[in-house]
Amino acid sequence: MFAKHNPEIGARPGTLAIPSGSPPPRITVVQYDADRVDRREIADVAELRGLHDARSVTWVDVQGLGDEAVIRAIGEAFELHPVALENAVNVPQRAKTELYEHHQLIIARTPVIDGELVRTPQVCFVVGEKYLLTFQERHFGFFDPVRERIRAGIGAIRSEGPDYLAYALIDTMVDRYYPVAQGLSDQIEELEDFVVENPHPEVLAQIHGLRRRLAVLRRVGWPQREAINALLREQTPFIGDRTKVFLRDTHDHIAQIVELIDSSREMASDLAEAYLSNVSHRTNEVMKVLTLMASIFIPLTFLAGIYGMNFENMPELSSRVGYFVVLGVMIALAVAMVVFFRRRGWIGRPPPPDFHADRKPEQT
Amino acid sequence: MFAKHNPEIGARPGTLAIPSGSPPPRITVVQYDADRVDRREIADVAELRGLHDARSVTWVDVQGLGDEAVIRAIGEAFELHPVALENAVNVPQRAKTELYEHHQLIIARTPVIDGELVRTPQVCFVVGEKYLLTFQERHFGFFDPVRERIRAGIGAIRSEGPDYLAYALIDTMVDRYYPVAQGLSDQIEELEDFVVENPHPEVLAQIHGLRRRLAVLRRVGWPQREAINALLREQTPFIGDRTKVFLRDTHDHIAQIVELIDSSREMASDLAEAYLSNVSHRTNEVMKVLTLMASIFIPLTFLAGIYGMNFENMPELSSRVGYFVVLGVMIALAVAMVVFFRRRGWIGRPPPPDFHADRKPEQT
Amino acid sequence: MFAKHNPEIGARPGTLAIPSGSPPPRITVVQYDADRVDRREIADVAELRGLHDARSVTWVDVQGLGDEAVIRAIGEAFELHPVALENAVNVPQRAKTELYEHHQLIIARTPVIDGELVRTPQVCFVVGEKYLLTFQERHFGFFDPVRERIRAGIGAIRSEGPDYLAYALIDTMVDRYYPVAQGLSDQIEELEDFVVENPHPEVLAQIHGLRRRLAVLRRVGWPQREAINALLREQTPFIGDRTKVFLRDTHDHIAQIVELIDSSREMASDLAEAYLSNVSHRTNEVMKVLTLMASIFIPLTFLAGIYGMNFENMPELSSRVGYFVVLGVMIALAVAMVVFFRRRGWIGRPPPPDFHADRKPEQT
Amino acid sequence: MFAKHNPEIGARPGTLAIPSGSPPPRITVVQYDADRVDRREIADVAELRGLHDARSVTWVDVQGLGDEAVIRAIGEAFELHPVALENAVNVPQRAKTELYEHHQLIIARTPVIDGELVRTPQVCFVVGEKYLLTFQERHFGFFDPVRERIRAGIGAIRSEGPDYLAYALIDTMVDRYYPVAQGLSDQIEELEDFVVENPHPEVLAQIHGLRRRLAVLRRVGWPQREAINALLREQTPFIGDRTKVFLRDTHDHIAQIVELIDSSREMASDLAEAYLSNVSHRTNEVMKVLTLMASIFIPLTFLAGIYGMNFENMPELSSRVGYFVVLGVMIALAVAMVVFFRRRGWIGRPPPPDFHADRKPEQT
Amino acid sequence: MFAKHNPEIGARPGTLAIPSGSPPPRITVVQYDADRVDRREIADVAELRGLHDARSVTWVDVQGLGDEAVIRAIGEAFELHPVALENAVNVPQRAKTELYEHHQLIIARTPVIDGELVRTPQVCFVVGEKYLLTFQERHFGFFDPVRERIRAGIGAIRSEGPDYLAYALIDTMVDRYYPVAQGLSDQIEELEDFVVENPHPEVLAQIHGLRRRLAVLRRVGWPQREAINALLREQTPFIGDRTKVFLRDTHDHIAQIVELIDSSREMASDLAEAYLSNVSHRTNEVMKVLTLMASIFIPLTFLAGIYGMNFENMPELSSRVGYFVVLGVMIALAVAMVVFFRRRGWIGRPPPPDFHADRKPEQT
């Protein structure tokens, strides 16, 4: 999950491990305060130097990491610590938060279903004095609703600082966990019918597949929760108390999602157990039929075999009623067998037990 | 369990996710002090503004959340933080407690059995200076006993503040866990007989169903315990020390309930193991009968087959006693087989082992 | 285990949930100092008021809780907090300790084997300034040895305070865990033979029964340990440092008992696994016999069937030696089969493997 | 494991529970400083009183606890706290450390393999001002190497205090865990072959036996680690900082041993799973042979049975080639069956899969 | 894993347990500052004494530990604490870090795949004032990239102190975990096909083998993470804050690796479950064929046996159409059976269930 990333062994710190296949950076700058919004794309990194503005919030959004020189130039323009810059472009990472001298770094990831896989694209936030930097591996579109809110001036976003902007973006990413977790949970519930009706090994493979996707989700969601929690507890000058009240809410969301995931994983385990039990029940059923047939007919066949022997002196053979007596004995034997098996409960599929007969009402 | 709730992705904070299907709010105000009780329903939210009263306790109970304008008006009347108000109406949430500048927010949930499901309606408490706000998704009737205590002036409730009132209501909600947990525990015990007598797959499905309901209960009860614990430890001006002594008791109740749930879950796991073992025991029994029949009659049938061959020169066939000798051999063989199988313990259902023969008394 | 107790939902705090069936209180007062012991039964609760005595230790032992008026009178005589009094009579509770303004409350439970059940009677201790209150559901006799030590002046008990007395009584209760835990552990060891010799489902039921009793024991013992630990760490004026040194010892005892219980539970799990493995081994053995018989005789029977056909033109039938040749072939086939099965290890019960042949000595 | 010890219920604290069978104490005193060593056996406990010496270190080694009067006299000579003395002779105890006013008490245990059992003799250390007391249940010989080091003046031992001596002795006891843990780990590895070649239930019993011994080892080793850790963290005047540097090393040793034990237990669990899987694989193999034989010969036998019927009008019987045609059909059927089964992979033991064909090299 | 190391029991502290087979030490000294690099091999240990230099960083790399005298001489030259020196040569140890008066000791290990085994060579770092000592069991070549960076003056390494050098070396060792963990993870994924297509016991053995290697990796990686974490939190004068920022990055790497390992272990467990389920599914398939064949032909054979009896008076035998009627009945019976079994779903391999038919899209 994480380790597709293969840094060169012994590479010196600060080496930027640009993820292969990442497109060249497209830099969008949004500057706003309560009164105005200014948005433009930046072609030359040098323009970033003059941007800093004490009155308004500056959001620099970098989409695509595929040009080391540009990334380095951005790092220099905002005086990022070399390790912070390395973190920003090092793509498959755990969610985390780290305080540097001039900025707070936050790594967040959000799940996207891609066929049988759960992909988890990552965004790096750098919150500084009056500015926010975001680094995305490629263009994702996660942030469009927030961009729209800034443009239209909906809610408090235009009158708050870059910490609130970072909160709004992270909250958007956390919101995306809901439908994914819920979708996996629904799929598990759907599998329940297959487990009962057609316990094919493929069903178990499906259960394992879902469990694996849930495991991925949990392994991304858990550090996310921890990272937000750390942000809440940390004494950092870059996240204000007013924003922390909102972040606490985001923390509750991700905590709830992690619980949903855990509960789905338990359900998957129960389902796997039910599957195995059903398979074993079916084997049992097959066994019973075999036993029944064999137990009834083997003795009868033996009896027929007796009177198929060619001994010259077998008195019964010459009896007029011998044949009919033997037939009668055979029928009697078969009936006795069937009665015996019925009593043991091996014949007939018993109706499922009636649990509700003697149950007292639980609660009114 | 939680995620039926699908907030719009990227919605701005403070968006009220009114649960669909919630009826329009019915607002009841109870004002009381040691000497008097005043109760009335409020039709127009504007009436709430003049309510605040330094001498008496004001309890505003909102049942139904289905009108955003009304909810917002209530929030403004009591100066609720936007996130607090969002929490109040966001219905499926973990139990928790949060301190805001002007009030303490508490989310509590209580279980209700609804057929095969465990529903967990939620109440949001906002404890402020001399007032208590409660938000319920719809009319539940949980609080009627407390309302009666206020009306009749039973106990200390009329001489205490809103924190004590909140305690009394939460305690009522925690009390409701007992019969639900106990009911599930009883059902598990009832299943025990079915496991022994009729290990039908439906029994396992029932066990899994109970386990799932217990899991829901635990996932609701555990944060409830944590929330009450947090309330006890927190330095909050809205919950007095006198009330905390009582809350400590509520904490012990919910802790005990969580233990009961855990113990029931363990029982359910043991039961599932016993079920599987019983199924495997039954397969074994069936197997033994098959083996017995086949092992006894197959050799005999072979013997009969020998003397059913049509070779011209088979000296035994013309012997006068041949037939009877062969019959004798067959009977001897069958008896030998039966003895062999009996010795191996495959014939006859052995009486259950006697455990108590050599047991020493454990304690006097 | 706990929830037999069904408090009325929404009952106001301080409601005394007198356990049904508890006999009326019998109150015994023991007053002692280094020089004298005075013991008497008290008929009228009013006598308790004059009892308090700054020089000697007063131990009021209440056996039976079946009269609410008496219990309330005791509570008033010693100025117990309403919640403390509620705790004292609320019978099935977790062990715990709580500090109130005028006294330290301690709940302790001790296990008693009652047939297949583990009962866990509870005692509530209230340690105050120079007095100790104990509440027992009924007369148990746990405390007789300590009473005798006070009477006879054995050890330091007469020169210490009520905290030391409480310690001595709790220590007595903790000592009672040993034989119960040991008894269950012994029973598990005894079951080991049954698992090997007669893996009847009843054996698994026994294992589960023991595991359940161990679970009860653990669920009582664990909070007991925690409660004593909390008492050691707590800054309480009612438990002196000298007594804490002794309590530390009691803590070690209960910790050791909890470990014994855990180790017994692990043994029980191993035993259940061994049981299941043994059942499956037996099925395997039965299977082998069936396979053996069927595989040997089915081809032979077929051969006999061939020569039992009634074709007119079957040259072998008229051969003088045909019969004997066929018999020979049959015997050869059977021998070949037996050799084949023996080589696969399916015939004969192999001696258990010899593990000790090549083992090097482990330690000298 | 621990609870062989049955203290009398309700015994007063300070009661010495002399382990039954412990020989009478043999007291050896070693006094040393950098320049001299003095060693002698003490017959009369009274001699201990004059021993204390501010300049040299006094080590009093008590082997055997079987005389309560002597033990008490030792306790008085060194002013041991009653609970400390009780701890010293209470033999089966968890490793722990406790600080008293005049001394530090340390309980340590070391494993000894005794046939199928792991015994864990215990030593109690009392470290005081310039003296060390050690209590052993009987003569063990653990300490001989250290005694030799003192005598010969090897290393720093003669110029350090009693804390260093205690360290040296505890380190010796911890060293003894290595070969025991390693021996059990080796035995588990040896069992691996038996699991593959002869999955007899006895093998599983062996695995369980080893697991139990490992559990004992862990239950002794874990508190040992905790106790040493507590000693390192504790603010005690009896253990100097110089000695703590060495103790930290001992702590690392025991931590490593606990890890080895845990890893061995995991191996044992894997082995048990492999055992069960192997048994089930064998059942499967047997099943296949049975199915093969039955499926091939049962139809053929039926065919033979057809032509063994005695109907008068069966045209085939009088055909000259009928017999040979039937024989041909039988052979064809058998061949078809074999081909069918071979295609399903039920005939022939397939070679183990070739995992290495397409594997890429992992690391260079 | 660890315990190949067998220290002599009771050996005095400071005893150097030279690993057997370790070659004699080869000592390389690198001295550098921003301006110059000086590298040479040292033949005589005495040369080390004059090396210390306040202006430049001195790195003494010891490869091979096979000469106790040399090791001791190095220890004396740098005034190593006896326990530190013991740690440096004690080869199989957990990763850890320890602060001594004059230096910080760090033990690190890195995994190397060696056939079926995971070897974990160890390096001991001693970071002092302006010098770094490294002890390797033998020549490994891990450090060549760093040596090259020093030589060529790439990055900041030449202008930083010995703590940064230690960081760079440890980071190199941590980087080596990636390909090993990834390789094992890949192998598990490859096994998935074998589990489905050929569930041979050897596959389970492979899974267990991989799990064991993962367990080794985890048991090395976990303490590594802990050690780096301890280094970050510790107040040590030998690791500067500037270096800690970089070490935090290394900590994140090893944490990510440990997660990858854990996720691989979960996959291995799922795979083992799938394996067992597949084996049981196959047994079930075999069983069905057996049941089918036996159930169809056994009754037919019985019928044939009836008319193979030699009774004189069997009216059917002389009927002209008897034979054909019986044949017809047999065919009818067989067809009925086949229909019955097909309806029960025992004939024909059903296509894997179609999960995707009614699935709603999860996310857009």
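Letters are used for the chains, namely A, B, C, D and E, taken in the order the chains are written, and counting of residues starts over at 1 for each.
Operating definition for what follows: a residue touches a chain if its C-beta (ideal position, glycine included) is under 8 Å from a C-beta of that chain, and two chains touch if they have at least 3 such contacts.
On a predicted model such as this, the values are computed, not experimentally measured, just so you know.
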Same or different contact residues where chain E meets its copy chain A, judged by the half mark: different
Rotation angle (°) superposing Cα atoms of chain A on chain D, nearest 5: 145
Centroid spacing, where centroids are CA-atom means, of chain C and chain E in whole angstrom: 39
Chain B and chain C: spacing of chain centres that average the CA atoms, whole Å: 24
Numbers and ranges of chain E residues touching at least 2 other chains: 179, 280, 283, 287, 290, 294, 298, 301, 305, 308-310, 314
Pairwise touch network: line, ring, star, complete, or other: ring
Successive chains around the closed ring, taking chain D as origin and chain E next: D, E, A, B, C
Residues of chain D that touch chain C when the two form their complex: 1-3, 5-14, 81, 83, 86-87, 93-94, 96, 98, 100, 112-113, 176, 179-180, 183-184, 186-187, 190-191, 194, 198, 200-206, 208, 211-212, 215-216, 219, 272, 275-276, 279-280, 282-283, 285-287, 289-290, 293-294, 297-298, 300-301, 304-305, 307-310, 314, 316-323, 326-327
Touching residues on chain E, where the partner in the complex is chain A: 144-146, 149, 154-157, 167-168, 171-172, 175-176, 178-179, 181-182, 185, 196, 245-246, 248-249, 252, 255-257, 259-260, 263, 266-267, 270, 273-274, 277-278, 280-281, 283-284, 287-288, 290-291, 294-295, 298-299, 301-302, 305-306, 308-314, 346, 350, 352-353, 355, 358-359, 362-363
